[in-house]
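Structures for review follow.
Two complexes are shown next, each including subunit A; its partner changes from subunit B in the first to subunit C in the second.
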Partner chain A sequence: MASVSTSKAEISYIQSGLLSNPPLRADGRALHDFRTISLETGVAPLANGSAHLNIGQNPHDGGGGTEVLAAAKLEVESVDGQGEGVDGGRIVCTVSCSPSAYPHLSAPALDDLQHDMSTLLHQTLAHPSLHPANLGILAGKKSWLLNLDCVVLADAGNTYDALFMAARAALWDCKVPRTRGVEYKAAVAPGAKVSESGEMDVDRDPGEQQSGFDTRSISRAVDFELPDYWDEGEVLGGRDKWPVCVTLNVASSKVHYLDAILQEEAATPLRLLLVFSFPTAASPSLQAMRILGSGELESGQIREFVADGEKYAQRLSDALNGKLKEEDLRRGQKARDRFARR
Partner chain B sequence: MGSRVEILNDGGFRSDGRRQYELRDLTIDLSQQGVADGSAIITHGLTQVLVSVFGPREAKMRSQTMHDRANINVEVSVAAFSTGERRKRSRGDKRILEMAATIKSTFEPVVQTSLYPRSQIDVFVQVLQQDGGLLQACINGTTLALANAGIPLLDFVCAVTGGVHSTSPMLDLTLLEENDIPHVTVAVMPKTGKVTLVTMETRLHVERFEEIFRLACEAGKVIHAEIKGAVRERTGRLVAAMGSGPRAGGGDLQDDDAMDG
Partner chain C sequence: MISFASFPVQPDRGDARHSPDGEEPMDLDDDDFEAGGSKITWPGESITSSQAYMRGHGTYVENEEVVASVAGTIERVNKLVTVRAIRTKYNPEVGDLVVGRITEVQPRRWKVDANSRQDAVLMLSSVNLPGGVQRRKLESDELQMRNFFEEGDLLVAEVQAFFGDGTMSLHTRSLRYGKLRNGQLVTIPPILVRRLKSHFTTLPCGIDLILGLNGYIWVSKHVKESEQEGEEGFDAEAVYSNRNDFIDDSTRIAISRVANIIRVLASHFVPLTADILLEAYEWTVENDADARSLLSEEVGDALVATVAARA
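Let's look at the complex of A and B:
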């Protein structure tokens, strides 16, 4: 998605710069360097988890760079077979692009673009292998629907990496409110005949007769309530599994580079998106892979690219985890300390 | 009334601790956003809006151009997480189109469009958070972004919402108050004293209208002072930055001075 008009001469200049030895890029980075990434969590007060991410912000005036806002919002959904609700909850991801990020695109083209991005993000993050365990409320009755909304506010290249990082940060930050099931017990009327087991004698359907072999404990909770508690809830289960994306921009069969700016994206015929998950307890897994652009890729090369991509993704993921823990600390411990000192 | 929030209590305080005529905290960020020619993030309390302005430039669709003046194109998008209840509004949503049309008609008499014939000025409004007073935030943000983009305006446009609780008027309503009491949004041009927008979706007693309207015009002047201060500070910083760097062509200092005079 080149949103700058680039001439043939510029394209060949950028390409020959990337292929020269040592490689040269417009901003002086090495091939596998990222621009500065800044991240802040908890930016949307009405969401359950949110993050604001910027890649390549200009340090002087705070402008420029790819900017993404992501927010996760939970809502309760009935699991009754009529709606879309399923047991254990579900995740829906939506990406919308601000027209100011793509000022040259017409409205239908913008819709197409945000649909492309939504599809990739949704298919990857809503995959069963990543599904958090604590999105269910009452089995067969209620569950949480997690809406992850991302807004691309500005595009200065490498949007997919930014999107996945912002999404990961928002999901990391997301807190699921604690719930408690409510069940009703019929009061034992004074005159009612009480069986030996203490169960009340009520008219039952013959079909509903409980079998003596049935040892399942069936929860009789019919509704739930939100108990008062000091924090906003517990974090999503398995939050270390949320993936990161690295885009390998393939300049030639030998040379690939990371974190392209818009002009470089326009000059690169092939981009390979690799989405990796690095769970703490298990080995890394490749969650998604996309090839963008008109270039070609030999099947033999893919193995190398995936191996390289895993290395970069691991570094990116480690850095992101460090920053997210720091943000948790800033908003938790440090904020409490500051409050206590007042 | 038990659990209901009191709009105005006996001590004269509102639900968020403000007095009747007190405005919410106003913050303005005029730093560069993306590739926009001018942009502004304005926050009225918990309502936050990002406005980006592009242009004057060639229109994407030639049919939209006018031979004698520039066309102002306003697009509003609302982030799905900006409200308490998540609701995805698409670009074609009636409510959003209406708001865009309101902003456009507010600014048409203010922007000197006749200076840029056959061109287009794009205003993209992105709503990030909503807590009442959305239209006023959009209008104030658009004024700032237009000024920041260096587009000639006849005057600043300053908008504020006023409402009335039984007989006591109030300014700058939050969402809670907007849901409960009748309100008017007024956009004024403080220097010329003209009004470019008065809009209302609720019913208001005709005897109350004048008082609210007068108050809103007064409040517009307060907002004007804030906006002007922010623009002045931003421009001052840009001028200082221009002076500190090496000048490209040594000779054009004279020309600049000549232009000012």
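Let's look at the complex of A and C:
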């Protein structure tokens, strides 16, 4: 991060540009402009949900920009008190950085960076307030473990915003397979029809017995099966709640700007990460806050920054939601086209 | 303003393949080499027979055929066939003007990143020391090398010689060379910078350009004639200064605009010369395209179309 070497003259050029009136940025953007963000969901066929995001890609040759790949993969885990599995499922987020994105960093420094990013992403997304409702399979027995893996393929500034957007898109895209509990039937039931004891009730004549998917008997279910169904499953619960991150680059107490490029990051002493969640029909909630860099921040200023950050996050979130819905439509269209071609 | 876009659509691989049956190795014999001024090849394409020709850079021999290992233009000198890659690191030649960045300070030398395969070397003995052009190097100079150049500093220099391992040695023994300030750096593929009579150019909008042959381009505020090296107003003390001069807003806007023009032209693979840049700049002024709008696809395409038509 920001450790791309920059000369003092460049740093002061960027800083004086930002502080001049009107503020001027090196690439001509306004202070609160983002570069163009490219987004595609469903890029990893083996993942339950995935997204590919690029901020600041050159529209002509497709080069440059901060590039992040995120994939959510579900895994079944037993809830037996020995492992880490918990009732209702859990989320584990990992971020890895490609060495080619940070050629100047040594391996331990890269590990540190990955760890920092993983920690922030994990602490924010695995927070109980955001936990999706449908990650449980069998109460007290099995649950889904959601592994969210992000890879930073290239860094051209503003990695945290890109990470959170990619994570949100991958989680939005994530489909949880439908499950059906499987249970053993008691051998003797008074006045009951004949049933074979101790056998699983899979592949039975449906007229003869009840479906295993019966919520009243869920406690008796010992295992589950994946019914064959036309879609990949239901969407992960609470997908409107996944947060977005805005990084406020604080150039002075008056001036802050968004979406810094690497050189600007190097010239900015203080960066404030604000992670907001916008659940529908509810007020926004601040999910996380981090301060990066050596600069100082007075507690009185934080309130203003949070208020400003909320506005930017709202805009970012609206734009992202629009794009994600568009992606859903596009992929629905593509699937239909492919089906029709067959 | 936040806008989302889709990734450019990849061509469908099934359709985009060349016709499978009509594909046979392009056999070039002597006539082809002589006739074709510049032939473009791609990795894996067999160029010619290895019995008649020698393989050079960018090629390898397989099944007695010379095969290209990079995408680029085929070049031939007598019986030696080489491929010059389109996207490559900078290949230095003695006398080239380069813009570099200090990566390391070592005893009596600096290491300089010049977009080449290896870091270049700038010896303390090949820089101009402050206070007299012909001053002898002192021991105290060795101890205060960071006062001249420190890590991260940008400088313009000339390739002086090569060491045994192919590392280039730079020199800044001219008042035109030295530390860079008052501007910003743009990086483009080195192949797009042509060899020009002078790599220092001035645009009439009050901008100086240094076109480094290594693809690093420095866009900065114009230095007045009277303050240039050798003139009355030349400030010898400022040679190693880290402080920028005052830059007014219009100059800043012009610098951003020129930098974005260079980025747009480079992304369309247009070779860069001062004339093309000047035309492009005039076009943006006529069409009222500010630096930000140049980043959008339509304006960039229109700019390149105009420049290509006039060139």
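Note that the second predicted complex is superposed on the first by the 303 of 342 C-alpha atoms of A that agree within 3 Å, B and C clash if a C-alpha of one lies under 4 Å from a C-alpha of the other, contacts with A are read in each partner's own complex, and residues count from 1 in each chain.
In the analysis below, a residue touches a chain if its C-beta (ideal position, glycine included) is under 8 Å from a C-beta of that chain, and two chains touch if they have at least 3 such contacts.
Since this is a predicted model, take the numbers as computed values, not measurements.
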{"item": "Fit-or-clash call for subunit B and subunit C when the two complexes are aligned on subunit A", "value": "clash"}
{"item": "Which partner, subunit B or subunit C, touches more subunit A residues", "value": "C"}
{"item": "Which of subunit B and subunit C A:S50 touches, first, second, both or neither", "value": "first"}
{"item": "First (subunit B), second (subunit C), both or neither touched by A:A126", "value": "neither"}
{"item": "Partner chain in contact with A:G63 - subunit B first, subunit C second, else both or neither", "value": "both"}
{"item": "Partner chain(s) touched by A:L31 [first = subunit B, second = subunit C, both, neither]", "value": "neither"}
{"item": "Which superposed partner A:V151 touches (first subunit B, second subunit C, both, neither)", "value": "first"}
{"item": "Which superposed partner A:V76 touches (first subunit B, second subunit C, both, neither)", "value": "neither"}
{"item": "Contacts of A:L39 with subunit B and subunit C, given as first, second, both or neither", "value": "second"}
{"item": "Contacts of A:E10 with subunit B and subunit C, given as first, second, both or neither", "value": "second"}
{"item": "Region of subunit B that runs into subunit C when the structures are aligned on their shared chain, from 76-84, 130-138, 184-192 or 202-210", "value": "184-192"}
{"item": "Shared contact residues on subunit A - subunit B and subunit C", "value": "58, 61-63"}
{"item": "Sites on subunit B touched by subunit A in the complex", "value": "31-36, 39, 46, 50, 52, 54, 60-61, 75, 77, 79-86, 88, 91, 122, 124, 126, 128-129"}
{"item": "Contacting residues of subunit A [partner subunit B, same complex]", "value": "44-47, 50, 58, 61-64, 67, 69, 71, 73, 75, 94, 96, 98-101, 103-104, 106-107, 111, 147, 149, 151, 153-156"}
{"item": "Subunit C partner contacts - residues on subunit A that touch it in the complex", "value": "5-10, 12-14, 16-17, 20, 22, 24-30, 32-40, 52, 54, 57-63, 263, 315-316, 319-320, 322-323, 330"}
{"item": "Residue ranges of subunit C in contact with subunit A within the complex", "value": "1-8, 101-103, 151-154, 179-185, 242-244, 247, 249, 252-253, 256-257, 259-260, 263-264, 267-269, 290-292, 294-297, 300-301"}
